[in-house]
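Following are the structures in question.
Shared between the two complexes below is chain A, which pairs with chain B and chain C, respectively.
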Partner chain A sequence: MTIDAFPPGVILVLGGLVLPFVSQQIRYTIILLLPLFVLWSVWQVGDGVQLTLPFLDYELAVVKGDALSRIFATVFAIMAFVGGLFALKQKQVAELAAAFIYAGSAIGVAFAGDLITVFIFWEIMALGSTMVIWAAKTPESYKASMRYLMIHLLGGVILMIGVIAHIADTGSVAFQAMTPNSIGTWMILAGFLINAGAPPLTAWLPDAYPEGSFSGTVFLSAFTTKTAVYVLLRGYPGTEILIYIGVYMIFYGIIYALLENDMRRILSYSIINQVGFMITGIGIGTEMALNGAAAHAFTHIIYKGLLLMSAGSVIYMTGGKRKCTDLGGLFQSMPITCICGIIGALAISSFPLTSGFISKSMIAQAAGDEQLLFVWMCLAAASAGVFLHAGIKFPWFVFFQKDSGLRPKDPPWNMKAAMILFAFLCIALGVAPGPLYDILPFKTTYEPYTVPHVINQLQLLLFAGLSFFLALPIMKRTLTISLDWDWFYRKFGAWLIVFLTRGTVEMRRDIFGNLQIFVNSVINLAFKGHGPNGIFARTNATGNSVATVIILLTVLMLIFYLEI
Partner chain B sequence: MNDDAKLHWLVRPNTIKHLWRWGYAILAVLVLADFVIHPHASFGIDGSFGFYSWYGLLTCLAMIVFSKGLAIFLKRKDTYYDD
Partner chain C sequence: MLSSLSPHLPIIQVVLPLIAAPICVIFRRTGVAWLIALVVSWLSFGISIVLLEQVISNGPISYLLGSWPTPWGIEYRVDILSAFVMLIVTSIGAIVMIFAPNSVHMEIPPDRTYLFYTMYLLTFTGLLGITITGDAFNLFVFLEISSLSSYVLISLGAERNALTAALRYLILGTVGATFYIIGVGLMYQMTGTLNITDLAERLPEVASTKTILVAIGFITVGIGLKLGLFPLHVWLPNAYAYAPSVVTVFLAATATKVAVYMMLRVYFSIFGTKMFSALPIDELLLILGLIAILSMSAVAIYQSNAKRLLAYSSVAQVGYMVIGISMVTTTGLTATILHLFNHAMIKCALFLVLAAVFYRIKSVKIEDMAGLGKAMPYTMAAFIVAGFSLLGVPLTVGFISKWYLILGALEKGWWPVAGLIVVSSLLAVIYFWKIIEIAYFKPRPEGAAEISEVPLNMLLPIWVMVGSNVYFGMNTDLTVSAAMSAAKSLIGGAP
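Showing the complex of A and B:
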């Protein structure tokens, strides 16, 4: 095994494991340099299988490279670097350690050439991400992390059953394009979709991610859902059902984000919305659509990380304020955070000259090329809706609207540097999409910057903006949440257990009640005879018995003498 | 005027009035731009005059109204799940 075949993800996992045990100086060095080294090593992986390990009767392809693997591994490594920079001074070292293990295993999935390796890294990811949520060290984060872990362990079990059934069917462990036509392939698809935040298990994401620390949520936003996008891209391109699942996720994200008050929950719903775009693209399945899904995952990780860093900076500098009803007017004292947040918001809305524009429009173009009118109309409406729920709503309620009277400063240098770096990437990729297009899985000649495309996109977005300000009176934030599918396991499930156990509680009471009556009657009977007033407790009995014994002895002696 | 001067220039009522005017002007120019551009429409409707403008406005208003309607059934106090 040469150095260029060593799994790049494992380097990051090992780095994460040593972080808690080294001095601050060495820790800072590892956090800042190791992701860059991993990024370099990602590009040393050649095409095809690079590293195999024997496991039971199978030969695992632990590292297998191609363009699709590299583009995801690249953006995961970039995210680990900038996220590490943002979280550099995080006092919970465990969070950074967990985040590196999490990021490393995501890269591990991206290079996995067989289903067993996918599964192993998949599970490490679930544990790493749970620890990231845990590291926030609040009672809420602990509970949310447990709910999160349960969903992901369930997803893991479903995935494992699918993998085993698929191997039993085909005899091959290879991870390649599949069609859902057997129990194995359906179960694998379901396992992948749970991590993508697909319905009905959507609620774990906005439930758990906003409970991370100011920096933890930045990591969480990047890896789990995008790894799911990667495995769907490789495993199920062109699977039609994904189009409808994606469209559902797109609108679900918008509608719930519109009703939400917590700024990081708004951004979490918008993750599901954005992943919906990618999944729709995978469902369409043409080269243009798959390129679009991959490109959109790349740009999304960057601008969503940026948005959550901006939200994290607000939380960090206001001592934990995260509800829109508590915030407002922060642009006056946090100009850098505000501007970076707005750049992220423009990018997620696909404004021309930002990264979202050059990636998302490929998916809509693919829907147009395939003459899928309904899908195309949904995507266009959703593009407008993204500007509505994330593009304007997030910056408006956090940095503008009413003056909350808060005057927090911009955050420390490392957090500012991380935000500026990502804001720069959002614009650089938007202005010069060439380098990103060059590393896409398929060759493309797509040209996003035509005059009609730019004008039409501006019309769509600015009129969406108009609708926001026209409807502002009814958009006022309230201290509310909206019920979601998680109600079924958080409320209904709890009620069901109470309901079902109530009968058994009564039965138990009846059985023990009757037993008690029986035991009591035995005790009473014994008490009657042996109690203080019982027949066996009478004291005069001793004298009588002595007299009886004397009489008996006398009689015995008389008989004895008479016999002689 | 004194009160206004204390405010950040961006939130003075006068500035906001100007922002609305400029906003409407930009929207009008964008709609009129449909006369000059020649889009390569994938379907018939997306090439029609003012399509992206009215579609963006109306679908967004529809989504807001729909979410408000859904809120009647799904909205709860944010302490709903607290024990």
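Showing the complex of A and C:
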């Protein structure tokens, strides 16, 4: 065993475990200083395998550094710092503890040199993020966290079987670029994609994230999906199917975000949309595209964090209002939150001079370079779509539009500081992309600010903006519930069964009732067999059980007799 | 003096608790009986460690009783498998005895507590004897010693149901033991020997006779009853649920494990792997194991008593072990043997927590556990960590078992089996979460008595067990290498 570097992620996990047991002063110190220390130690990790540990029959490469690992670990550490600053005064210490465990394990994945280490941190991440959702302490958040946990445990076991099968196939635990050509590699890919929010199990994301607390959602937005982007980048670059999955996610996110009324659900759908850009880039698989995906993950974490912090500030200061229809006109009393929110919105819409512009354009450029016309056009159209749902819709309905009569103040200093810091980063990276380009996995000489490119982008955004205000009457949000894919597997199946068995075309309004009937009938069936009085659970008659013994013996004898 | 004792350790291991048991009866004092049981448990634990070390460095130990040569005399034979199982039994015993006094004092009338320790020591003797003996008939004797004393232990439970549960177990357990001895008798008839090594040599000549087939059938069903193999498990849930808490901890963590040991011994050391190619026993075990892990986990979901819930979970976990056996590969057996150890750690920790809960709130109904997360934070935190281990979360022992079991299934190309194994682990999430949800998300009922943490001598054993769940989940040197070499020697045929 060689120890050259203590795993930076584990430092953060341990810090998280300590948090609930220390006094407030020490807690504040840990929250503010530990992520910075981790950021420093991320940059102390040299190239190649730094730490190996024996586990089972394998030699795990727990820490293995390269440029790709470092860029993700860097942004995760930055996010942990700013998120911690934002949530500093969160009364639920459990949330911060969970968030640090969550962020630490995400960094752990980023440095994992073998599949078993990936899986171990992957599972800790699932538990940590579930606890973050829980910590909101509302009945909705509890239920959402359970659904979230089940999906992620499912993803976890799929990943686990894939990893075991892959190791059994190849005899190597190393985590490196793979092609999906065996059941093992397909299952690993599926496990990764579930965390990325890819179809068909997309719905966990907008279902769970908006139920976090005002600060919890900020953490949630950063790590799970971006860790999935990281492992796809390392494990499956250039896998063609990812292009189509990515494009699907891009449009899926836009359409649902446009229909949505809850501001944090809008932003959650927008995560799917943005991750779609990254996955498309991974699918294209050229150096430019992979650089673009990595850069976009970096900038996305920052501006999405910023947007959710501004949404979180609104929720925090208005006492829990989160629907667009309830908000509006907040710019008068929350100027800083409003400006930061707008900067985030501009960045996500890739306005020139913001961070989104310098990262997303790399992916589009890569699609263009590879002559993928269809993909390029989709990306261009999607850019306009992003501006519509996140760039204009979010700030417009929350901060302007009608006057809702609410006059909340800007949030406390730490929350303002966190927002200002991220807003600054959004602009700084947009103005001077050099430092970010320098740490990308591949050397690049890409120059985003060419005249045609800037003009192109401005025109696109201008027309998108115009269409938003022209279509404003339709865009006005009413109190709607939009049906997502999970409706199909949660409700439609049930309805179909009822429909077929009854043979009537009675489109009932209370689909929920039918769902109940279906779920109940399944549970009843299981209950009949397995409930306290079910045949599998009966324990009272001794005679019967002796009869079982005799029957089993007879069966055995019979089988043996036939075999010989 | 110690070095002169060392060659006699195998017999000391059995005789020590056997002699200690009647001494407890002579004194009839709770404190003295406890002290004797405690000291004996720890001495045995020490002997187990020494034996395991000896076996690992020098190979199997053969001890001839009264120096009679085999196959005429009785041989005690310690190989790596028996040393490993012995380590499980004695370590659990040692931990449980530290925990026991408060719990026993509360649940068992004072005039009978010395009986508890006596019977515990006899069960302990029987279980150790089963693992150590190299003689098929002697094994039956120890099986009966452990069984009869465990019926008494269960009947010590405070509720009247404990009596019926014990009676049921008595009837079914006796049927099981009888079936086993019928099988041994049939083998004796054909070979004229009872020594396991000798049997293994002589059986192949007569392997295809109907007598031996009938013997296999009887032994399979007989041991199946003892290990709670689905559908022969019906005695188990009530026995675990109504026995005194400490008894449940001890039996759940050791008795079924020793029965699995018996199954491994008989199948692989006596009959050898050839039996599986001639007879479809492996298919049968696979099917029963799969039904067990799914159906028993589903039953566990619907239980309202936490002890019964965990009892059904145990039946499901035995299913994993049986599936491992049904693979008849080194990896499969490694998974089974590992899970013997790992499941003992997991269930010991979980049942210890329930014993602590019962000590405070006089109930283990799930609904009565509301608000315990706040009231007994250290106890319930232990429950969560041990539960993670049950679910197979990485860095706990449960993960190691799951890993080898799935690896074994995939090596055989059994994709659907691997799938069903993970499905059942998701079912485990549901039933485990039922308890967590009540304990952490429901407040204590209005007007409920104030409760506090349990005393340190209860908390410490719990956390030692939880700690070993995590420690052996990270450092797998001892467990994996021991299990793997045991599996190799079983598959290789030589005991």
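Assume the second predicted complex is superposed on the first by the 483 of 564 C-alpha atoms of A that agree within 3 Å, B and C clash if a C-alpha of one lies under 4 Å from a C-alpha of the other, contacts with A are read in each partner's own complex, and residues count from 1 in each chain.
Everything that follows uses one rule, which is that contacts are C-beta pairs under 8 Å (C-beta built on N, C-alpha and C of every residue); 3 or more make two chains touch, one makes a residue touch a chain.
All figures in this text were calculated on a predicted structure; none of them were measured in a lab.
K.L.:
Would you check which partner chain A:I241 touches, where first means chain B only, second means chain C only, and both and neither mean what they say?
P.N.:
A:I241: touches no partner chain.
K.L.:
Using the touch definition from the top, say if A:L14 reaches chain B (first), chain C (second), both or neither.
P.N.:
The answer is neither, since A:L14 touches no partner chain.
K.L.:
So, does A:L33 touch the first partner chain B, the second partner chain C, both, or neither?
P.N.:
The answer is neither, since A:L33 touches no partner chain.
K.L.:
So in the superposed three-chain picture, is A:V22 touching just chain B, just chain C, both, or none of them (first/second/both/neither)?
P.N.:
Touch status of A:V22: no partner.
K.L.:
Which partner does A:I183 contact after superposing on A: first (chain B), second (chain C), both, neither?
P.N.:
second
K.L.:
If we overlay the two complexes on their shared chain A, which of chain B and chain C does A:A547 touch? Say first, second, both or neither.
P.N.:
neither
K.L.:
By the touch definition at the top of the document, which applies to A:V157: first (chain B), second (chain C), both, or neither?
P.N.:
After superposition on chain A, A:V157 lies in contact with chain C alone.
K.L.:
Report for A:G368: first if it touches chain B alone, second if chain C alone, otherwise both or neither.
P.N.:
first
K.L.:
Considering each complex separately, which residues of chain A are in contact with chain B in the first and with chain C in the second?
P.N.:
Chain A residues touching both partners: none found.
K.L.:
Which of the residues in chain A come into contact with chain C in the complex?
P.N.:
Listed in rising order, the residues are 54-57, 119-120, 123-124, 127, 142, 146, 149-150, 153-154, 157-158, 160-161, 164-165, 167-168, 183, 526-527, 529-532, 534, 536-539, 542, 544-546, 548-549, 552-553, 556-557, 559-561, 563-564.
K.L.:
What does chain A use to touch chain B in their complex?
P.N.:
Against chain B, chain A makes touches at 251, 254-256, 258-259, 261-262, 323, 329, 331-332, 365, 368-369, 371, 373, 376, 380-381, 384-385, 388, 400, 403, 450-453, 455-464, 466-468, 470-471, 474-475, 478-484, 490-491.
K.L.:
Provide the residue numbers of chain C that touch chain A in the complex, in ascending order.
P.N.:
167-168, 171-172, 175, 179, 208, 210, 213-214, 216-218, 220-221, 224-225, 231-232, 234-235, 237-238, 278-280, 284, 295-296, 298-299, 301-304, 312, 388, 393-395, 400, 402-403, 406-407, 410-411, 415, 418-419, 422, 425-426, 429, 433, 441, 474, 476-477, 480
K.L.:
Could you pull out which chain B residues touch chain A in their complex?
P.N.:
Contact set of chain B toward chain A: 8, 10-11, 23, 26-27, 30-31, 33-34, 37-40, 42-43, 46, 50, 52-57, 59-61, 63-64, 66-68, 70-71, 73-78, 80-81.
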